[in-house]
Amino acid sequence: MQTIKILLAFIVLWPLVGFLVNGLGRNFRSKKMTALYGCGQILGSFLASIYVFFLVKENGSQVATYFDFINVGTLKIPMSFQIDQLSSLFILIITGVGFLIHVYSTSYMRDEEPKHYARYFAYLNLFIFSMLLLVLGANYVIMFIGWEGVGLCSYLLIGFWFKNDNYNYAAKKAFIMNRIGDLGFLLAVFYLINKLGTVTYIDVFARVGELSSQDITIITALLFVGAMGKSAQLPLYTWLPDAMAGPTPVSALIHAATMVTAGIYMIARSNILYTMAPGTQGFIAIIGLATALFAATIALKQNDIKKVLAYSTVSQLGYMFLGLGVGAYTGAVFHVMTHAFFKALLFLGAGSVIHAMHHEQDIRKMGGLKKFMPITNITFLLGCLAIAGVPPFSGFFSKDEILAAAFEKNPILYYLGVAGALMTTFYMFRLYAMTFLGKFRGTNDQEHHLHESPSAITIPLIILAILATVGGFIGIPEVFATNSHWLEQWLAPIFEGSKALVEVHAVNHSQELLMMGVVTGLVLITIMFTWNKFSKYEEKNIEETGFVKVLENKWYVDELYDAIIVKPLDGLAVFFKNIFEKSGIDGTVNGVGRLVNYSSRQLRLVQSGQVGNYILIMVLSIIVIIFIWINDATIFRFISKIF
Amino acid sequence: MNAIILSAICGVIMMFSGIFTTNKAIIKNVAIIALLVLIAGNLCQTYSIYTVVVDTKDLLAFSKFGLFFNTIAFIATLVYFILSGADIVAVGDYAAEYFALIFFVLCGVSILSSFNGLLMFFIGIEILSIPLYILTGADKKNLKSNEASLKYFLMGSFSTGIMLMGIALVYGATGSFGLASSAIKSANGISNAGILAPIGLLLLFISMAFKVSAAPFHFWTPDVYDGAPSVFTSFMATIVKAAGFIAFIRLFEAKAEDLGPTWKILLPIIIVATLLVGNITAVFQQSVKRMLAYSSIAQAGFMLFALYSSNELAQEGILLYAAAYSLATIGIFAILVKMQDYSLDGYNGLAKTQPVLAATNTVFLLSLAGIPLTAGFFAKYYMLASVIKNGGSISLVIIAVLFAAISVYYYFKVIQAMYFKEGNAATYEIKSSFKLSLVVVAAIIIYLGIFPTALLGFLYF
Amino acid sequence: MPIQYYIYLALALFSIGVVGVLTRRNAIIIFMCVELMLNATNLLLVAFSKMHHGAALVADKASMVGIDGQLFVFFIMVVAAAEVSVGLAIIVMMYRNTHSVDVNFLNRLKN
Amino acid sequence: MVPLLLIFIPVISGLLTFFLKNGNAAKNWSLVASVITLAVGLYGVFGSQNLSCNVEWLPVLGARFSVMLDGMGKMLTLLTAISFPIVFAATYNNQYKNTNAFYGLMLLTQAGLMGVFVAGDALLFYFFWELALIPVYFLCSIWGGEKRIAVTFKFFIYTFVGSLLMLVGILYLYNLTPNHTFAIESFYALKLTAAQQNIAFWLFFIAFAIKMPIFPLHTWQPDAYEQSPTSVTMILSGVMAKMGIFAVIRWLVPIFPLATEKFGSIIIILSVFGMLYASLIAIKQDDIKRLIAYSSIGHIGLMCAAIFAMKGIGLQGVMVQMFNHGINVIGLWIVANAIQQQLGTRKFSELGGLAQKAPILAILLMVMAFANIALPLTNAFVGEFLMFNGLFQYNIWLATIAGISIILAAVYTLNMVQKVFYGNTTTKTENATDITGNVQLILIVLVVVVIGFGIYPQPLINLTKDVVIAINP
Amino acid sequence: MGIVQILFWFLSLLALVSALMVLLSKNPVFSVLWLIAVFFAISGHYILLNAQFLAIVNMIVYAGAIMVLFLFVIMLMNLNKETEPQKNIWMKIAGAISGGCLLMVFISLVKQATEMNGKTALMKDGSIGLIGNLGKALFSDFVVPFEISSVLFLSAMVGAVVIGKK
């Protein structure tokens, strides 16, 4: 117990130390030191995580409580970590992939001046810290801390090159969109506190029975809103493509491998709640699938290498939510993992390309890079195959598991899912072909400088490529071998609660095999088609029209949001500021003052200086007073109502 | 009785001192000494050390309240002499006579604080008024002064006429000029009071309202205060006015019932009207002197609360109010007299040229505005408290405080001029002794603002 | 004589005085009208004193009730005399400076 | 004993300051004095036992000079004690004409604030309430911006009307107390009828609402904050705004339970609307000071709403937030002051790219800004989390609507950060330098406090727990 | 209708008429003379009421001293002809009307004053008006106001000097 407590503290705090050291020392430490330190910290956490992983293997889930974060009346929110099969898996992914990307960054960011270089690593470490907090937290509040923390880091890293205002806008957009989600998350937490008086996972899941089904539905829905923001689902996905403003390794780490999967983690974590809320589950499934397809369609016509990957990320996340929606929690987590591998790989590959192309991101200006950068080429190709779901690459297994579960729920979901998969294959290979095949379309001096990236970049690529290739084998479906789904067994304790609630009757094997075969066939066909369509791609700038144009412009979603949300709010704000506040409220206040002044100016005219008038007024008022008095004082009575 | 006799004698002494010397400094000092004697005499009676025994046949009745008010009035006068004495003698050639008249006024004050019948009341009012007509016109070459005095005189005598008619009617109805009898009469019901008595009281009330410048009988106040020589304005606006209120209260605390329920309605209207006229009109004044005239109307509105809720809290209150208001106003006028330009702009930047004056003046103004830590706050406090204690209407109190807020508006205009506006306010030469006495007065005001009971403590034994 | 008569008479004189004060602009005449008002009250007081006296006589032949009313009148005359001396002095002073006793010219003091 | 010291150290040192002719002497002297006060305040929080003092004052009126420190009082006096030295140190380089008067008045203000927080007698409370106001009036009118006189005057009259109404209310209650006393206990002991409560409640509440300020009584506030000298603004928003909140908790809610329940909904709706309203306006501001002013209206609105929700957890949140908001907003003002002192402008349109020129300032502001939008692990998060909880328990929809302000807060705060620190430098900022040592030091201290209470808020909660239980068992 | 009644009505009429003439006559001197007439009428009333002392005093002090003083002043300023330029007619009307209203109000009052019904003023009888009784009362019960009124005269005297002296 004690060891685990210390270990977890170490895993979480070690990157924080890295952040502090790099951050504070950024002015007087060499890049080498910084890089070494930045990576070292994560490596430390990674190794610790491996150890923890095995500890968990031995003695299962444990909770390490450190101190009372908030302790008000009946509400107790301890600062405590819960390490179990799920979180141990995630911390492995985070620290592992994180480490690779740190290594990659050392070389990728080397052109920065030392202090910004250090700032970069500080942010990156801080991100790892928050992400670990997110997954390790033993209650929703701790998770929320990490949840917002990663948002902060993504804000900082997207806006890393803060001189460029567009980047800043992108960063701001990301943060605010996340906040919208966070509000949902918070409300869910309030709801829990309001109903159960606790937010600790164990208690909540234990006492879930006390909640009415309606409560559960509301809570889960609100939590899912949070997930929408963080994991870029419809309608809150638009920040993710813009987030590509940040440095490419950041996109790889935050916007592909780890942060954006926080939503999936959260739902997997609270799977019991979701299983008990079929309504929400259906909703999630639909949103997930819709996102998957929608993003895929957009990706079809993007020409910015990172944008394509961004949209594919959104779409893949959609798949994961589809998985969650149909109750394939394992599948979703599985896909998170594989996706972490191959999407990180793809991003890093893209980064390598961009690096070689001197920050040229438009694939129409590329092509034929195969011969210039072989390693990148190979690894990237592997990544594409993985994401396309070609057996036996990792993507195949995870995606297949989700689709199978989807078919289980409702064949339509399945067919649409397959369609999405094919689109994925299409745009990925379009990307690959346009980048690496054909002949080079860039400028000459670009061509001269083309070269393979240094080892600090290629080694992570290779490692990730291997993972992307073989990573799938930890979850071989029943079809091929019994009890071979290691991941499922590993995660079983987490999902047993849900399992108990809904009985899963797997698709019979023959049908599953058939489906696999068909899909694989389709995928291969698509690959061939795109391969030779785009390998001889010639740049022809003819104005696209009709539907294609809509796709190119991403369905005009940003414009739509601008029109229906941003503009009206803006107008309202302006109205409040310039009219309502100035003339309305303040006007009334000043109006009182003006009234006093005005009446003063009028009243002083009575003081005419004429004794005659004075006495006249006196006499008149005497008359009035007496007159009213003798007439039974009715008027006085009336006034007495006032006083 | 001491006070009445002594003040009369002091007046005579001052008259003759004018014959023996023309040195104004001496005259002033004589006056101060005489006043000290007067105060001593009055205190002798207050603490029943020695009292001149005169069988007044029930025409006068000396209460602790009245005697204590005398003390306050005399001390206020002392402060007034000390601060403005030099300016009094500077008004004209008749230094001694001015002091004599002031002493006669004080005689009237002490009568008004002890009358026990309409006869003495009437004589007291007249003794109070007639010297004032003269003091108002003391600056003979100044047309404003003349005009003020004539206006004051005409309207004053007119109100005297009304007062007498009131007295006559009361006499007709009750058959006596005493305060007590009609109180007894009213004890067994308003029905017996008939109509003439209440109407008589109404006329009396109106004439008194005139004396204390309550709307709508306030018209003389701004003109007279504005026209009269500033030093005498200061005297009129403070001691005389306070005395008027004492008379008012002593006259009506016994008789209010005769007016029946309407009484409790008529008064609020008068109060609100007075507050309204005073505060609102003051806002626009450019001349500080005139602004103070209106502010004195506003203050009168507040003092009327003591009449509205005639309980012992109100009595203490009116004493405190008299003290606080008199001290502050005397101080402000003493400074005003030193200014070369009475307009608001004349005060611009006084804080730089005369920091002490500015500071003390600020204290006085804060006191008038009723800001806590100054005596003025507790003065207003007592008024409001007395109303609420009588279960009087909250709404009336709220109206009152809102007007108090308005009063802050114009008092602070002066403060703004002194501290925040650029300019160099021109003053006549100022003795350091003057500054010192100003500081002392300010200190007293602040002390009373923290321990008001120090003043009122006398009443509790 | 019924007391009402005297009351009416006095009030009538009083009102005439008031009218005079209101309608004339010669300071002296205004002042005279004020004197008229005073006299009206004097008359009323005397009448009342006699009224009370008469009421009291019924009970006690030697009663002096009502004497205070007449003495009050006496004091009013005293005061009036004093007022007049001062008032006329003021008017004279005014006249010296402005060569007019017209109250309508008294308008230096106003807002 | 401690409360007396807390009041009289500032009073005496303040009065002495007026006689120090040398400006720097006055500065240092008042800095020292405030530090001493801080020491006493800390002693009051941790060490001391005898925390109340009750002596004769006006026996006739039933007013006693009774001061006492409970949890809330301790916390707020501590806030006051902390904020003054911080302000003095942070604005040490600001130059004022006749410095001694400035610092003297500042110390008197501190005395007034202290008094308000410790007063156990209604009349005394009213006295200090005004005493805190008068010096501020002079401070703002003499040392403020170009529109100072009019603006400050408005501010003064506005608040003065409020406090006069409160005075009427106090008198009203005083008159109802059996033995005619102003003691707070006897006010609590009053059993008021609904009718009585309905009158007196508003008399008190208006005064407090103006002070906080609550929509729609807030219009004096942005102007006043903008026009006052920044060090005064810090006090105004950091501490003085808390007077209103404090007063509601101490003098309103316990005395008028029925009215609180009856009018609570109205007030909460007003406050919530005010939050959104202020946040929206803040988005459109072009001036750092005005932006902070409006943002603080928003935060105060939340506190007020949480109070009237009358849920223990929410009240606890208010307690915590009173302290934390004070710290955070002072931090923001310090940044604003640093910028204005150095660049002579507060307009976003004229700023930009400061992150390159003044990285330290940028980082410190970043922390303050994120504290302002209640990011977790900053102190503000705890308070807002609890307050929203309370509001949520009161009414889900109100809480949801109020929650929108979380988003809006992010919008305007990030706007500010971006426009001031990011992007490219402008003509004004291109030769800016980083902040001076003292400001750095102060800001770092603040940041430490912000993060410290963000990670471990329990001390604040424990300090004020009893008060909450007393109000809402 | 006894002699008393006749005299009463005659004097009342005389008083009212001459009072009206006071404010109607243009020439101040005439006003003074009419006012004297009023005073005489009132003195007549006093005699009817058997208030002899007051009657005499009224003649001596008012008609004698005060009005003569008025006459002196008027002569001194020689206002003895049309001095008064035509004054704003509306003012006059307003004054007259309000004065009339005042009278109306008073009369209605007296009408309602039932407590006065049947009360009569004792005519040509009763000894309180006699100088001896008055003197006794004045120097016994009313000695204090009598003495104090000297202060009034003193101040009036001083005032007259201060103001009047060139």
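Labels for the chains are A, B, C, D and E, by order of writing; each one numbers its residues from 1.
Simple rule for what comes next: a residue touches a chain if its C-beta (ideal position, glycine included) is under 8 Å from a C-beta of that chain, and two chains touch if they have at least 3 such contacts.
The model shown is predicted, which means the values in this text are computed figures rather than measured ones.
Traced through touching neighbours, the fewest hops from chain B to chain D number 1.
Comparing mean CA positions across the assembly, the chain most remote from chain B is A. Per-pair tallies of C-beta contacts place C-E first. Relative to chain D, the most remote chain by averaged C-alpha coordinates is E. Look at where the CA atoms of chain A average out and do the same for chain B: the two points lie 78 Å apart. Note on chain placement: the centre of chain C and the centre of chain E lie 6 Å apart, centres being C-alpha means. Rounded to whole angstrom units, the spacing between the C-alpha centres of chain A and chain D is 36.
Rounded to whole angstrom, the centroid-to-centroid distance between chain A and chain C, based on C-alpha atoms, equals 98 Å. Across the assembly, chain B contributes 119, 123, 126, 130, 133-134, 137, 140, 149, 151, 154, 158, 172, 195, 199, 222-223, 281, 284-285, 409 as residues in contact with two or more other chains. For chain A, residues that reach two or more other chains under the stated contact definition are 604, 607, 609, 611-612, 615-616, 619, 622, 626, 630. Residues of chain C found to touch two or more other chains are 3, 7, 14, 17-18, 21-22, 25, 48-49, 51, 55, 65-66, 68, 71, 75, 79, 82-83, 86, 90-91, 93, 103-104, 106, 108-111. In this structure, the chains touch in the following pairs: A-B, A-C, A-D, A-E, B-C, B-D, B-E, C-E. Interface of chain C with chain E (complex): residues 1-9, 11-26, 28-29, 32-33, 35-36, 39, 42-43, 46-51, 53-55, 57, 64-68, 70-71, 73-75, 77-86, 88-93, 95, 101-102, 104.
On the side of chain B, the complex with chain E involves touching residues 4, 8, 11-12, 15, 54, 56-57, 59-60, 92, 94, 97-98, 100-101, 104, 107, 111, 119-120, 123, 126-127, 130-131, 133-134, 137-138, 140, 149, 172-173, 192, 194-196, 199. Residues 604-605, 607-612, 615-616, 619 of chain A are the ones that touch chain C when the two sit in their complex. Per the touch definition, chain A reaches chain B in the complex via residues 596-597, 599-601, 603-604, 606-607, 609, 611, 613-615, 617-618, 621-622, 625-626, 629-630, 633, 636-637, 639-640, 642-643. Contact residues on chain A toward chain E in their complex (touch as defined above): 612, 616, 619-620, 622-623, 626-627, 630.
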